[in-house]
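There's a structure below that I have some questions on.
Chain nomenclature is as follows: A, B and C, assigned in order of appearance, with residue numbering initiated at 1 for each chain independently.
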Amino acid sequence: MISNLAKAGWRFKRPSVIPGFGLTLGFTLAYLALIVLIPLTGLVWRSASLGFTGFWQVASDPRTVNALKISFGTAFVAALINVVFGVIVAWVLVRYRFPGRRIIDAIVDLPFALPTAVAGIALTSLYAKNGWIGQLLQPLGIKVAFTPIGITIALIFVGLPFVVRTVQPVMEEIRKEVEEAAATLGANRFQTITRVLLPGLQPAILTGFALAFARAVGEYGSVIFIAGNLPYVSEIAPLLIVIRLEEFDYAGATAIAAIMLLLSFAMLFVINLIQAWSRRRYGYGT
Amino acid sequence: MALDLPQTESSAKVWHPATTESRAARYALIAITLAFLGLFLFMPLVSVFVEAFRKGPAEYFAALLEPDARAAIRLTLLVAATAVPLNLIFGVVAAWTIAKFEFKGKAFLTTLIDLPFSVSPVISGLVYVLLFSSHSVLGPWLKSHGIEVLFAVPGIVLATMFVTFPFVARELIPLMQHQGTTDEEAALSLGANGWQTFWHVTLPNIKWGLLYGVLLCNARAMGEFGAVSVVSGHIRGLTNTMPLHVEILYNEYNFVAAFAVASLLALLALVTLVLKTLLELKYGAELRAASGH
Amino acid sequence: MDVRVSGVRKEFDRFPALHDVSLEINSGELIALLGPSGSGKTTLLRLIAGLESPTEGKVFFGDEDASLKSVQERNVGFVFQHYALFRHMTVIDNVGFGLKVRPNSSRPSSEEIRRRSSELLDFVQLSGLEKRYPAQLSGGQRQRVALARAMAIEPRILLLDEPFGALDAKVRKELRRWLREIHDKTKHTTVFVTHDQDEALELADRVVVMSQGRIEQIGTPDEVYDKPNSPFVYSFIGESSKIDVRVENGELWLADRRLGLKSDLPDGDASLYFRPHDVALVSDSDACIMGTVVASRRVGATRRVELEIGGASERIEIGISADHPAKEMSGIAFRPQHWRVFPKS
């Protein structure tokens, strides 16, 4: 296969003395195809076979539209909140030394390590009306569990480390000289942070936002317990896929999945654009 | 709280360093951080254990020793013990291809490997349902040969492999790219063959990164919920992993038992975090040098 | 603006970086702080800027005590070694930054800021690059932007930390001449840090030689080169040869030979310093330095010979004319023309 691709002036692979290229590339492609590409292609093929009308019928169904709106809306709000607090958390972890900092730094990764179902039932028990937090909010008339607010809280949980871990390393690399330069030019600390440091972090912050958002849109386990899953109110798109599957409505499930995939890939594309743009313009990415 | 920060504020007019915030701002930011993480991360974690022991240790252990719970634990271990080694092998092989060679389409291949990260877990399960269900191309053939994939252990393993697919490769690729190929070229020039070079030169260089990737891969494999939930069929004692068992118990209002099983998973998460932190403390420079997270 | 540093000591975590340093900088002067790394020159520069505060001592701007003033209040133009340009801002926004962050009452209008920034870019010969980002500039161009940015705030003093340190040799030389021209035009009081003696000697009105947290000598380039006042300055600036000698009754002795050089040091061991090229060969006199040639090589227009003096332990170099028939193992007698003797350290 490699020799077929090799034409004059165009080389598939740069020559190397290191052995095993054909074998490892072959294995990588085969495994990738078996586990990821063929199953995903099946989904694309299946949704294509629905035809435009069949697809549109599912896509325009008010329940589908509402579920997508709720998924993307809550994910967006949660990612925004994560950007604000994630940047503060990253700043505190990078800049300040205080007892317990290492523990705090480690615990930021909890959402990566804690199974989503566990997070889901724990958050639900906290925000239920007799839970530790729920009972404080109850007298104020704020209902969290079984509302979009509950969904947002679960999505804040799963998305936080994406923002912190994207921004943190870039923050660590800020040269002290840059802050000093701003100060010698007369900028006070607030101006230095808002006009020099944060704009410099903008590509990292945008990437962190996109990652948290993408993850939150597809999130299932931590959300379904706290959401209450009322159609049109607190039913998320991944749950609707599961419901359609349980109804053996494979066409419906496939169509919703295809829409979500499309939107997720668009997100991925946007992330790559941000990084390419930032690298071209400022000479650094994230 | 005693802060280890440069001394400032003592007399009326003091010189203030140019690159730090005022003490008040520092305290406020630390307070916001602690409050936010306390509310969103710490309290849920603590509540798992509190809820699990709500009715005392006897109930707690009873919930863990009950046959369905034991079956769920066994299945979870089995799934992880299958999916993680397979993805480990894939990760090392893929990283070798991508990091040690220059070829066309390398960036695209890297993107494809990352693909499962951007797919909703539910969709990761769905693709296997579509592939193996009785309506699919493969379904009837499998059925006629008596092979069960869906609503059985193979399906659960496949879905888990899908969602944990990129973990090891993702950790190793930047690490191996950073290390370059000079060590391998030196070994080859000294007469080592390819396998000896990998075993004696490459592997020792990447072992900590590898362990790091395996750790994260394992945590996700044992805790995966959405994808597994779609393909498992929720058959008690047979196709329920621990997270699925937690869901069933919770939906049956058996909260203590649900949190008891959940506490095992939370413990797994804590162990993962501790090991991960230790790895970062000891080999942080190596791991960070390469990571592009 | 006159700047005076008075009795300054600086410690970092109890580690002393500067000991009792005093320095007067006159208005309009171009001063070089010259020394090896770790000599405290950058610390001194940062203390003047207000980026560090002295453990003891004071910094005066004119008659005003600036020690407690923050860096923002001091109004100094600081050019960092790696320029520290704001990478997300265009060139013109970098230059205008100092004016934009002024409080409302003293901030020029945005057209005025743009006009002044363009003028400065013109002045540093970068017109046409206004819309570029720092990543799109060469090292020399970044250096000019950094200088324009520092000058935009009309600083009371310009401070430059290793301004040419990150540039390659050719660009360094160009920028060195250019900085001198800029200084002659603007007459800004300027202090720059360097470890490169050629740079210091060529550019500065006065050179401050530093070592181990102390000022060794302050003087014009001629003074520090021709009349070094310490063994350190002798060996750090230019080339020097050193011979261990003995003082007896106001005369220098090497073993049992008189060198024909006088000294007013008290009797005892001492070190004789001189420039290798600044020697006169003498024909067989008893008051001179005698040596045996052990190596000889041609350096440019002169010949450099390595001599063994009074036993194998002492070897020095001197410069002689290229046509001198110096051969290995032949003897040479010479006397330094300019020299200094310091008590043996």
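We take it that a residue touches a chain if its C-beta (ideal position, glycine included) is under 8 Å from a C-beta of that chain, and two chains touch if they have at least 3 such contacts.
In UniProt terms the chains read A = Sulfate transport system permease protein CysT; B = Sulfate transport system permease protein CysW; C = Sulfate ABC transporter ATP-binding protein.
Keep in mind it's a predicted model, so treat the numbers as computed, not measured.
The touch graph of the protein chains shown is complete. Chains A-B form the pair joined by the most contacting C-beta pairs.
If you average the Cα atoms of chain B and of chain C, the two centres end up 56 Å apart. With centres defined as mean CA coordinates, chain B is found 15 Å away from chain A. Residue positions of chain B touching 2 or more other chains: 18.
Shown for chain A are the residues in touch with two or more other chains, namely 180, 183-184. Multi-chain contact residues of chain C (touching two or more other chains): 51, 70-72.
In the complex of the two chains, the chain B residues touching chain C come out as 13-18. Residues 50-51, 53, 67-72 of chain C are the ones touching chain B in the complex.
Of all the residues in chain A, the ones that touch chain C in their complex are 175, 177-178, 180-188, 191, 195-196, 199-200, 202, 281-284.
Against chain A, in their complex, chain C makes its touches with residues 49, 51, 70-72, 75-78, 80-82, 84-89, 97-98, 100-102, 133-136, 149-150, 152-153. Of all the residues in chain B, the ones that touch chain A in their complex are 1-5, 18-22, 25-26, 29-30, 32-34, 36-37, 39-45, 47-48, 51, 90, 93-94, 96-98, 100-104, 109, 112-113, 115-116, 118-123, 126-131, 133, 135-136, 158, 161-162, 165, 181, 184-185, 188, 193-194, 197-198, 216, 219, 222-226, 229-230, 242-244, 246-247, 250, 255, 258-259, 262, 265-266, 268-270, 272-274, 276-277, 288, 291, 293.
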